[in-house]
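These are the structures in question, set out in turn.
Heads up, the next two complexes both have chain A, just with different partners, chain B and then chain C.
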Partner chain A sequence: MSELTYRRMKDLPSTHLLGTGTPMCAGCGGLNALHQIYDIIGEKSIFINAAGCMTLLSVYPFTPFRGSWLYTAMASAPAGAQGVRDALDVLLQKNRMSMQDDMQVVVLTGDGAAYGMGLSATSGAMERDLDFMYICYDNEGYGNTGQQYSGATPHAAMTATSRGPRGFPGFKKDLFSIWSAHKPAYVATVIGTEPLDLARKIEKARSLKGPRMIIALSPCPTGWDYDPQDSVTVGKLAVRTGVWPLKEYVDGKVVHTKVPHPRKPVEEYLKLQGRFSHLFEPQRDDALINEIQAKVGAYWEDVDS
Partner chain B sequence: MYRIRFHGRGGQGMKTASRILGTAFFLQGYEVQDAPRYGAERRGAPIFAYVRASKDPINERGIISQPDLVIVADDSLVPVPGAGVISGIDAHTVLLINSDEDPDTWKQRLNFNGSLFTLPVETEARAELRFIGATCTGAAARLLGVISRDALTQAIRQELAELGDAIVEENLSRALSAFGLMEAHAGTVNAGSVVSAHDYQRPQWVDLPFDQARISAPAIHAAATSIAVKTGLWRTMRPLIDYEHCNRCWWVCSTFCPDGAINVDDEGYPHIDYDHCKGCMVCVAQCPPHAIASIPEQDAQAADNEEARA
Partner chain C sequence: MTRKLLTGNGAAAWGARLSASDYIPAFPITPQTEIIETLAGWIDNSDLDARLVTLESEHSMITAAAAAASTGVRVFSATSSQGLLYGMEMLYTVAGWRSPFVLVNVSRGLASPITLGPDHNDIMAARDSGFLQIHCATCQEVLDSTLIAFRLAEHTRVRLPVIVNLDGFYLSFTREPVDIPDSKLARQYVGDYDAENIRFRASAPLSQAVAVLGGSPYSYFRYESHLAAQDSLEIYHEVTEEFNQLFGRQYDAIDCYRSDDADYVFVMMGSFATKAKEAVDQLRDTGFAIGLLRPRLMRPFPAQIFQQLLACKKGVAVIDQNLSMGMGGVLHSELAASLYGQAHAPPLLMSYIGGLGGRDISSEEFFEIASELRLSAEQGKTPPPRLLYTKTELREVRKLQAVAHVERQDLDEGNTHE
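Showing the complex of A and B:
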């Protein structure tokens, strides 16, 4: 299929494949991205899911998936994907399955697994040029266990394990670059609040072979502490402020697919979220806000140059 | 021993409410257990929390099946079977329901003759919901009669300290005003007797025969079975599309609904699946011509009932 299936908003699906009735929080930004992604990947797929919020999608006897789903330990989803891909290949080789019935092998994990515990298994899978898709829904913390910090937590965010007056002292890891350094077939960042950009990228990933790696920033009302109705607003602001750059790595090049211009001040994004409320109350912490703004500015300066 | 059960929705602070009550008991010199219970479900889904308090060591464990006091933070949970609000209540149980309807209406509805109190709902604003826990705890403390104003105050300060002074004071003022509201009913709750292990009744397990892994492994053989789960019961607000104002932009509400609970028909009109809409209100916030309104679920249900009767 060509990249041009999704040219306009109206080309996006109007009915949805992923089943309703899941236990994800009302307003879950991860689920918003997943249902859009699933519409494009389709039911001929096997999801390999590491422990995290989305494990709860399939709690016996309920599942929203129309194809298969398999659960693995937190660090091992890419290893699980290798096993599944190998099994499918054996079936194909022995003519016990036709090419038409072949399935997309899709790893689905949170950021805790992708940026941390599962990074080694992911590196191995890319090294072996495993033919699979990896979808990391990034809610910037260990959401399922109460939002402890992870390798994806942004600087200054309050988490269950970063309670000081300045929040999380570390910085969000650049997983996009870490993954790209392996030179896989495809790497992209997406977000459910930019549906067209997301659809094009998933469509492209689907058409390629080898490791295809997707990071979806996933606004999380529960872990980020905002009213669920603001979920899409928060996601749009992540892009408009430049906090979440939308880009792809393909054929050895990084291309930004949506450059926010002009960029809104990051505080518009931060202000909506309880996890950053200490930047504004009881006193405004200009130093910290400026520090965050400067980092975002420096990123885009690099892009422009 | 006092056995207290809290019912609320994920996000309404029942876990914190049970902790505050537990700490208040502790400050009064009681032995205490407090624990929340939740399953796979999230924000909006029914949540339970339990408090046991006794002057003697507590040997009981697990969920509370015969409560002395039941606190319901969200009255829309009462008719939800999975919430188990009325499970195990008898004439000695005291019920405290956060509801605008009066106690007699509830007694009649529940066919319940014991003591039942309602706390007037202070607000419909969703952002204010976070204080329900404190309000309920304040009222509960007074109904128990053994918790002083000071102990309640200290417990709130202690348990909420992390949230900063402004939030502590807001919770405190709500809790103390509810504490005052129940003054005339102080001590209505009676502690239940201690049950001995001897009287323990085993749960009614269903015995399953031993089968081969191929049969007994928890494999799901059908597609999208989650549709059988009615997450529409989580909703406290209902989105309502005004078709005269919907300009059939086609994708906004349907694409952004996290749950995929809005499908668009051939003519381009969106339809909300109320069996599954969780009431996040994302569609309300995002619809470009503001064609989706949000109304309290209870009012919507009352209107539905009216319509059915007419």
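Showing the complex of A and C:
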């Protein structure tokens, strides 16, 4: 199969492998992305998880996964992948396991683990050219503990630990570039609300060997404070305003896979979310809105030039 | 069988080699590094068919070790001191995975202050993790215990990871003659790795280490590990008995030295117990009926065996090479807990702290402990715990402090050195 498998929406898998009835919140953008990703990766897989919202997918004795699952800890899911992949290779090499029993080794963590505590383990796995996939669902904060700011939190966002009038003073870390600097086989950004773009990228990742790194922006009604029914709108606006660039890194080059044109003003994205409400109420904070708009503009100017 | 001069580290590496370890996640730390260097060398020369991977931390190393064991390969790893503590979250975590593997810890004192000298605070910090612990006093014991550890860990009634502990420098870098078991016989003893019901296969999906909701299922699984650890004492007897039959070396849960007919007993762990043995011999020459008990097993704790071996003794001195701040020696408290209220328990259980950071314990100190033991027994009073330290040592430290003081004063007064 190649990425051309998915030309139109109707080419997308109609089977849905991941079970339902999980304890994720209604409208969880991370779960939405995971459903689509799992349909493509398939059940011949092991998901190696770090502490976060998704840890509660598998609660004894239930799991929505048809393949395997291993929960590790917050910092070391990539090391868990290393152990499993190495062991599978040893077993294959020593003829103690059939090829049929081999599987995709997939790390599944939130942004807190990916951008922070687990970054050293991820860097190590990439430097050892580990044959694995990494899915980071990025809800831009430590969601499971009540949405405190993390290394992925965007400028000005209100979180449980940035409640001041200007929100989070820092800036979202550029994990895509940090990962790409390791020259892994593949890096891509995706979002659940762009299913075709997501499917192509996951399919491409699946077909490659080595570290294949995916960051899925994951609109989070609970942490971002909006109505769960707006999850798709928020996701679509993240792309159309240019806040979340869809791109991939392969063979040393970065390609944008969906360039929003014309870009909508960022405030359309911001004003839907309670975490940015201080930019609009009690009075509009034009300076801060313009600052965010200017950053997005500068990013795309760099891309265009 | 061949006889070779081996360091404790070399002996540990031989243990990993003879048990046909498949996978060795590694990370360097003094005084353990020689173990992984030796194994890497053998792999490079095709003397050992295993995969060694250097992780970026011990936290990752222990995660990878247990993940690989859960996938169905035999895993060996090694660390020391700060490394063991850096991996502590995962020690506790992976013990609950019930995927057996063997970790060698080369004991070294913990920061602060940072040091390379040995003591047991690192390994004691892992006491409640769920790993079983075998403590060694000779290089031979290190090699043999590694083989025994695999048998113990992988036993169907145990399925817990095991730490084999040896003291930094005193064992890790000391060369002793070691009998290296015949590799076929060692393989026969250890057997093939059986992953049992925990192994990841595409055809047989498995969810491992999942979350539980509520204290009830949580307690169930925690109790299960505890019961398996308790059960492992009986299994330890079995597998060491079998070891003895094959190799002619017996490793009881507690090593007894001239303790049968003794009135008084030293209790110590690890290689410093060798010093206690010498002191026992010298004291015996003067007619002092004293002996030594050295637990090889710290987990499971051989409480009942201690109760039997110490029944009707007049007094016991526990010399701990560790210090639980604000409490005292760990082995002392564990022994007190094991003996309290038992019929014929010795009326006197004294506590000494010594050997921290590799500080020597001299024969004179053992003699002093012995006479204090006898005096206290006669008076029927338990003296307070003692921290072993000599006047000379104190004077030396005072000198260092004086130098530091003068240097500081110089700096404060703006004097610069030419």
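Keep in mind that, in the parts below, the second predicted complex is superposed on the first by the 305 of 305 C-alpha atoms of A that agree within 3 Å, B and C clash if a C-alpha of one lies under 4 Å from a C-alpha of the other, contacts with A are read in each partner's own complex, and residues count from 1 in each chain.
Here is the rule we go by: a contact is a pair of C-beta atoms (placed from the backbone, for glycine too) under 8 Å apart; a residue touches a chain by one contact, two chains touch by 3 or more.
Remember, predicted model here, so these are calculated numbers, not experimental data.
Peer 1: Quick one: classify A:102 as touching chain B (first), chain C (second), both or neither.
Peer 2: In the superposition, A:102 touches chain C alone.
Peer 1: State whether A:63 touches chain B only (first), chain C only (second), both chains, or neither.
Peer 2: In the superposed model, A:63 contacts both chain B and chain C.
Peer 1: One more residue to check, A:91. First (chain B), second (chain C), both or neither?
Peer 2: second
Peer 1: For A:227 in the superposed arrangement: first (chain B), second (chain C), both or neither?
Peer 2: first
Peer 1: So in the superposed three-chain picture, is A:82 touching just chain B, just chain C, both, or none of them (first/second/both/neither)?
Peer 2: Second partner only.
Peer 1: Of the two partner chains, chain B (first) and chain C (second), which one does A:21 touch, if any: first, second, both, or neither?
Peer 2: The answer is first: A:21 touches chain B but not chain C.
Peer 1: Touch check for A:48: first (chain B), second (chain C), both, or neither?
Peer 2: Second partner only, chain C.
Peer 1: If you stack the two complexes on chain A, which partner ends up touching A:178: first (chain B), second (chain C), both, or neither?
Peer 2: It touches nothing on chain B or chain C.
Peer 1: Can A:254 be said to touch chain B (first), chain C (second), both, or neither?
Peer 2: Neither chain B nor chain C is touched by A:254.
Peer 1: What is the shared patch of chain A, the residues that chain B and chain C both contact?
Peer 2: 43, 56, 58-60, 63, 65-67
Peer 1: Of all residues in chain C, which touch chain A in the complex?
Peer 2: Interface residues on chain C, with respect to chain A: 22-23, 25, 49, 51, 53, 55-57, 59-61, 63-73, 89-90, 93, 200-213, 217.
Peer 1: Please name which positions on chain B make contact with chain A in the complex.
Peer 2: 10-11, 39-45, 126-127, 162, 164-166, 218, 220, 223-231, 234-235, 249-251, 254-261, 263-264, 273, 275-276, 278-282, 284-286
Peer 1: Using the touch rule from the top, collect the residues of chain A that touch chain C in their complex.
Peer 2: Residue positions touching the partner: 43-44, 46, 48, 55-56, 58-60, 63, 65-73, 75-76, 78-84, 86-91, 94, 96-97, 100-103, 120-121, 123-124, 127-128.
Peer 1: For chain A, which residues are in contact with chain B within the complex?
Peer 2: It is residues 9-10, 12, 14-16, 18-29, 31-32, 35-36, 43, 56-67, 163, 192-193, 195, 221-222, 227-233, 281-282 of chain A that touch chain B.
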